[in-house]
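Both complexes below contain chain A, partnered by chain B and then by chain C.
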Partner chain A sequence: MKKKIDLLPYFLVSPLIVFIIFLALTPAFFTTIAAFFKVQPLNPPTHFSGLQNFRDIFSSAEVVSSFGNTLLYILIGVTLSTILGIFFAVVLQRKFKGRSILIAVLILPWALPGVVEGILWTGIWDANTGVLNSVLKSLHVISHYQVFLGQNKFLTILAIEVVQVWQITPLSAILILAVLQNIPDDLYEAATIDGSNSRKSFRHITMPLIRPGIAIAVVQAIIATLNIFDQPYILNGAASTANSLAMETYAVSFTNLNFGQGYALSLLITIFTLFVSVVVAKFIYKKVEY
Partner chain B sequence: MIEPTSNRKASPKMLDAPKVSKRTKGIAIALSVASALGFSSLGTPAKASAPVTISVVLAAPPLPASMLAEFTKATGITVKWTQLDWDSLQTKIAAAATANTYFADATDVDWSRVGQLGKLNWFLPMEKYVDTKALASDMPQLGSFTKNGHVVGIPYDASFMVSTVNKALFAKAGITKMPTTIDEYTADLKTLKAKNVVQYPLNIPFAAAEGLSTYWYETTGAFGGHILDAAGKPLFTDPTSAGYKAAAWMVNAIKTGLVPPGNINVADSQGQQTLMAKGKTASTFSDYSGNVGSLYDVPASSSVVNQVQYLATPGATGVASNLGNPDGIGIPAKAKNPEAAAKFISWFTDGKNMADFAGANGTAHTWVGYFFPSRLSGIAILNKKGSIIGGDVLAGMLKNSAAVFPQGAPAWYPEFSGAVYTNLHAAAAGTMTVDAAIKAIGAVATKLSSGK
Partner chain C sequence: MMNKNRGFRKFGVGFILFWSLIPIYWVINTSFQTDAQISDVPSHLIPPTPGWANYKALLIGNGELQGMIRRSTINIFIECISATVITVVLASLASYAFARMEFKGRKFLLFIVVMTMAFPTYTTLIPMYRIMAMVHLVNTYLGIILCYVSGFLPLATWILYTYMQSLPSAIEEAGSVDGASRMQIFRLIVLPLTIPAIASTAVITFLFAWAQFIFPLVLASDQSTQPLTVIVAAIQGRHVVPYSLLSTAGVIALSVPAVIALLTNRFIVSGLINGSVK
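Right, the complex of A and B next:
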C-alpha cells in the first residue's frame, strides 16, 4: 500500500522556516561574505580586503578590552544564573501556597526589556541619589555615598552583570524546573528507604538528572551574556571599564561607520557563541549518560 | 545506577497523535500559508486618497496636542510623534540609512552630524521642498546645516551652551559679584565647598556620552581656543592649548571634590535634572540655553525655582563666547511621505509657531523643553511680549555665540566624539592621565583628518 505523506506538519512549520531563512540565515550569509570586504561609507569604494578587517580588530585596544570584559560577564553571569536557577527550581518544585504567584513574579524580570532594567537599576546603583547608597548609609554601613559604577573595572562589571543575572535567572529556573518535574518520585522514595538523606538525594539523584536542563540553561546564559548590550550601555555609557563585544560591534558599525569591521566582529561573536555552546552542551550531556 | 530521564519509555498515551479533521487541517494549512506569506504585505503603502500620517522622531517630547491638532486641521496631515534619547536616535538614523530602509518621515539633524549626513546623502536636500534662500536671512544658523551646497536640515531651535548658577547658593556663600573669568569662577566654587554650602558645587556630566564632549568644547572655548583647525587637525595636544587646559580643569574638578564623585556616570540631562534642579550642585559650566525657563523654574521638576540664572560664560581673561548647539530637522532619504514631511517642517519652523512653542501665546501652546527660536522673527515676537525667561542675558549670549567648528563639523565627527568622551571619562575615572587622554584623542583626530 502506498504510504500517504502528511503535509500538515510541513505547512505548520513553514512560517518558522521562512522567518529563519529570511531573518537569520540570509543576513548571516551576507555578514560572512561582507566580513572580508572593506565597507566604509565615509571612505569608499567597497572592495575585497581578505583578512584585513580581522587584523584591524585584533590590533584595536578597545576590541581587546571589550573581549576581556565580555569573558568576565560570561563567567559571572553563567555561574550566578545557573546556581540561582537551580536554587529557584528546587524551591518551586515543592507544592506550597502561592507557588503560582511566585512563579509569575519570578518570570517578570525576564519579560522586561534590558533597557528598562538598566534604567530601573540606575536608581539603585546611582552614586549621587541611588537607593543602595541611601540604605547602606541609613544602616551606618557606609559613612558617605560610594561609586559602584565606572571606577573599578571588576566592581563595575559585577554590578552590571547582577542586573543581567536578575533578568536571565528566571528562564534558567524554568528550564531546570521543567526537567526537575520529570524525575519520578519513586526514585527519591527508594533512596530514602536505602537511608539517603535529602542532601544525598539532591547530590546523587537531582543533580545528575537535571543536567539536560542545566545544559540548556547554561547555553542560554552564555548567549545572553556574550551579547550583553543594554545594561552596560545604560549603566556605564560607552566607557571602556565595562564595554562589551556587542557594544564594540555597535560602536564600530554605527558610530565609526566601519561596517566591514562590524561584520567581522559579528562573525567572530557568532562563531564563538556556537563553539562554546556546543562544547558546553556536549560536555554536560555526556556526564548525564554514564 | 540511575537511569536518565531520556531513556525512560514514553507512555502509549503520549504516542497517540490527536485526530485532526479535514476541515481543521484545511484551516490550519490556510492560516500557515497566509502567515508565511502574509508578512510581505505589511509594508504596502497607503492609498493616495487615504489621510496622510507622518512619523516624526525627535529627541524631544511631543509638541502640545493643541498645536498638532491645528496643523492637522490646516493640512489634513496627522503627526505621529516619537521621542527618543539623543544618542539612541543617532544610531537609529545611521542603522536605517545604512540598511536603506524607512525610519521616519522627519527626524533630527544635529549640527554635529551635518558633515556626515551631507557626505552620505542620507537626507533629502531641503532646498527641493522649502525656499531655503528666503529662509536664510531670518535663520542665522541655516549655514551650519548646509553641506556641499545642499541644506541637510532646517534648524528649529537656536540652543547654545551657557553657564548657569544657583544665585541663592552663591549668596549663601557670601558671593554676590558673579565671576567673569574662569579663575574667579573656580575660586567661587571652592568657596562654596569650603563654606559647606553644598558638598559638590559643580555639575560636570562625566558619563561616556555626547554630553561630555559638548561640555569640553564649551570649556575649551572659555579657555580661548578651538578644538580642530580648518584641516581637522587637533589644536589641543599642547599643554598650553585651550583644549588641554580645559580637559585638565574638568578632570581636576572631580579629583578635588568640586564635582560629585558619582558624576563619573552621570549624563548631561541627568545631572541637570537630579543635581542642578534639586539644588545639589550650584553651577553647571556648560548648560543648555532655555533650561532656566524649561527646567529650573518649573515647580514640578525643580526645587530651586527662581534661584538659577544664566551667567555670561567666564573665560580665560573675561567673558567668553558661547558655542552653538542648534537642533535641526530633516527628511530621511527613505521617507514615505517627503512632501507631507516638508509641509510639517515648514509649519514647525514658522517664526510665529516657534514663538508660541517658546511661550509667547500661553502655556497651552508652550512646548516643554523648547529652548530658543531659530528665526529672528520668532525671537522678535518673544521679545515684544517679554516672554523669554532671562531673555536679556540670553539675547546677549546669542549675539556672542560661535560655532564649535567654525569650518563645519567634519564627516568623521561621531568617531572623533566617541574618542573624546571615552578618553575624558577614563581620565576622570582615574584609569588614565589627562595627558594620555589628550594624546589618545589627538591621535584619533590626526588619523581621521588624514583620511586613513
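Right, the complex of A and C next:
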C-alpha cells in the first residue's frame, strides 16, 4: 500500500515559509554576499572587492568611534536594565493589592515608540526648558542650567541610554518575574525557619534560581542596545558625538549611498549579535533544579 | 522583618510608578502649555492656563503641518491594522500545522522560524529596501506592510505554536470521532481555545508595528505613506516647530499604544513570556 504524502501541513505553513525565504533569508544571504562587493549606485559598476569594505569601515573615524559608543550603550543599557529589572521583579514577586495595575503601568514605556520616547525625554534633558535642570536648580544642586546632550560624550551617551533603558526594562522585569514566580514558597519558608533574613534569602535563593530569567533578559537587552537608533536619532540628531553603529550603518548606506560598506557593517552587527546571544545564554543559562 | 519588607515594597511601588509615569506626565503637561510657559524657570509642574490650543493648532486647519499629522495618522492605522491581521491569520495557520500535525521537515522549519527571530534589524534593512525598490514597492502601503509582516511573523508563530501545543490532545480526537475534517477542527475547536494567545499576538504585533521607525523611514520617502512616527521625527528635525507642538504630537502618537497597553496588559505579559522563554 502506497502512503500518500499529507499535503495539508505544508499548505498551512507555506505562507510563513514564503515570507521567511523572500523577506528574511534572501536579505540575510544578500547582506552576507554583498558585504564583499563594491555597491555604490552613484558610482557603478558593482564588482567583487574582497575585504575592501571592511578595510574602509575600519579606517573611517566615524565608524570606529561608533563602535566605542555602541559598546558604551550596551554596557550602560544592559547593566541598568538588568539591575532595575531584578528590582522591579522582586517588588512584584508576591501578590498585593493593586499589583496588576502596577504591572500595567510598568509595561507602559515598553509599548511606546522609540521616537516618541525621544520627544518625551527631550522635555526632561533639555538645556533650556528641561525639567531636570529646573529641579536640580530648585534644589540648589546646580547654579545654572546644564547641557546634558551633545557636549560631553559620556554624558550624552548616558542620557540617551537612560531613555532606552526606560523602554527595555519592562521586558527584562517581566521575563525575570516569570521565572521568579516559579520558585516555590516553601523554599523561602524553610530558609526563614533556618534563621535566614530577607537579604540572605535574596542572595542564596532568589539570585541563583532566577539566572535563566536574567539570561534571557540580558540577551534581549544586548540585542536592543546593539541596535539603538531611534533614541539618539531624535535626541542627538545628526551630531556625531554619540553616534551608534546602527546610525552609522544608516548614514553610510542611505546618506553616502555606499551600500557595500553598509552591508559589511550589517554583517558585522549580525555576527556579533548571534555570537554574544549564544555565549551569554550559555554562560548564564544553567538549568536550575528546585 | 515584616516591617522592613513592607517598607521595601512601598519604596518599590513608588519607584516603579515614578519611573514609568513621570516622563509621560511631563509631555502631557507641556502639551497644555504655551512656549513661553515651557521656557519659564522654574518649570511649571502643572499647566498654568490649560487649554487645547496646541491640539487645535496641530489637528485643525489646512496648513502643511496639520495635513502631515492627519495623513500620517491615517497611514499608521492602515499599516498597523493590515500588518496585524495578516500576521495573525498566517501565524495561526502555520502554528496549527506545527503544533498539531506530524510532517517531514517540521523540526527543521521550526528551527528556521526561531533562527530568524534572532536576526537583528540591520541584517535585512538594506536588502529589504533594495528588494522593495526592485519590485517598485517603495512608497506603497503594500511594501511597508509586507516588511512588517515578515518581521513579526516568526515571533507571532512562536507564541501561537507554544500555546497550541499546550492544548490537550483529546480535543482533536473528540472532533475526529464526529467526522470533522482537520480544518473544521481547527476552526471550530482549536481556534476558539486559542483566543487568549491570538489576542496576545495581535496586541504585541500592533504595538511593534506602531513603534516602527527605521523601516518606514527607509521604505517611505514621501508623505503619502509615511506613518506618524516618521512624521513626528521629521517635524522634530525642523527646528522651526516649537516644543509645545512637538510634545503635543508626541502625546498624539503615544495615546493609542498607551491606551492599548493599559487595557490589554495581561495579554501582553503572557505573550511576551511565551514568546521569549524557549
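Before moving on, here are some points about what is shown:
Simple rule for what comes next: the second predicted complex is superposed on the first by the 263 of 290 C-alpha atoms of A that agree within 3 Å, B and C clash if a C-alpha of one lies under 4 Å from a C-alpha of the other, contacts with A are read in each partner's own complex, and residues count from 1 in each chain.
Everything that follows uses one rule, which is that contacts are C-beta pairs under 8 Å (C-beta built on N, C-alpha and C of every residue); 3 or more make two chains touch, one makes a residue touch a chain.
Please read these numbers as outputs of a predicted model, since none were measured by experiment.
Overlay on chain A: chain B and chain C clash in the combined arrangement. Legend: residue contacts after superposition of the two complexes on their common chain; A:255 is shown touching chain B, with no touch to chain C. Looking at the superposed arrangement, the partner reaching more residues of chain A, out of chain B and chain C, is C.
Of the two partner chains, neither chain B nor chain C is touched by A:139. Once the two complexes are overlaid on the shared chain, A:20 sits against chain C while remaining clear of chain B.
By the document's definition of touching, both partners, chain B and chain C, reach A:237. In the superposition on chain A, A:193 makes contact with neither chain B nor chain C.
Once chain A of one complex is fitted onto chain A of the other, the partner contacts of A:8 extend to both chain B and chain C.
In the superposition on chain A, A:226 contacts chain C only, with no contact to chain B. After superposition on chain A, the chain C segment that clashes with chain B is 60-68; the remaining candidates among 60-68, 114-122 or 204-212 show no clashing C-alpha atoms. The intersection of chain A residues touching chain B with those touching chain C, taken from the two complexes, comprises 8, 12, 15, 126, 128-130, 145, 237, 250, 254, 259.
Across the interface of their complex, chain A is touched by residues 2, 4-6, 8, 20, 25, 28-29, 32-33, 35-37, 91, 94-95, 98, 116, 119-120, 206-209, 260-267, 274-275, 280, 411-412, 414-415, 418, 421-422, 425-426, 429-431, 451 of chain B. Contacts from chain C toward chain A in the complex involve residues 1, 4-5, 8-9, 12-13, 15-17, 19-21, 23-24, 26-27, 30, 38-39, 41-43, 90-91, 93-94, 96-98, 101, 103, 106, 109, 112-113, 116, 118-131, 146-147, 149-150, 153-154, 157, 182-183, 207, 210-214, 218, 229-230, 232-233, 236-237, 243, 246-247, 249-250, 253-254, 257-258, 260-262, 265-266, 268-269, 272-273, 276-277. For chain A in complex with chain C, the residues that touch the partner chain are 6, 8-10, 12-13, 15-17, 19-20, 22-28, 30-31, 34, 84, 87-88, 90-91, 96, 98, 100, 102-124, 126, 128-131, 134-135, 137-138, 145, 166, 170-171, 174-175, 178, 197-198, 216, 220, 223, 226-227, 229-230, 233-234, 237, 246, 249-250, 253-254, 259, 262-263, 265-267, 269-270, 273-274, 277.
Partner chain B is touched in their complex by these residues of chain A: 7-8, 11-12, 14-15, 18, 41-43, 62, 126-130, 145, 147, 149-151, 153, 179, 182-184, 187, 204-205, 208-209, 212, 235-241, 250-251, 254-257, 259, 288-289.
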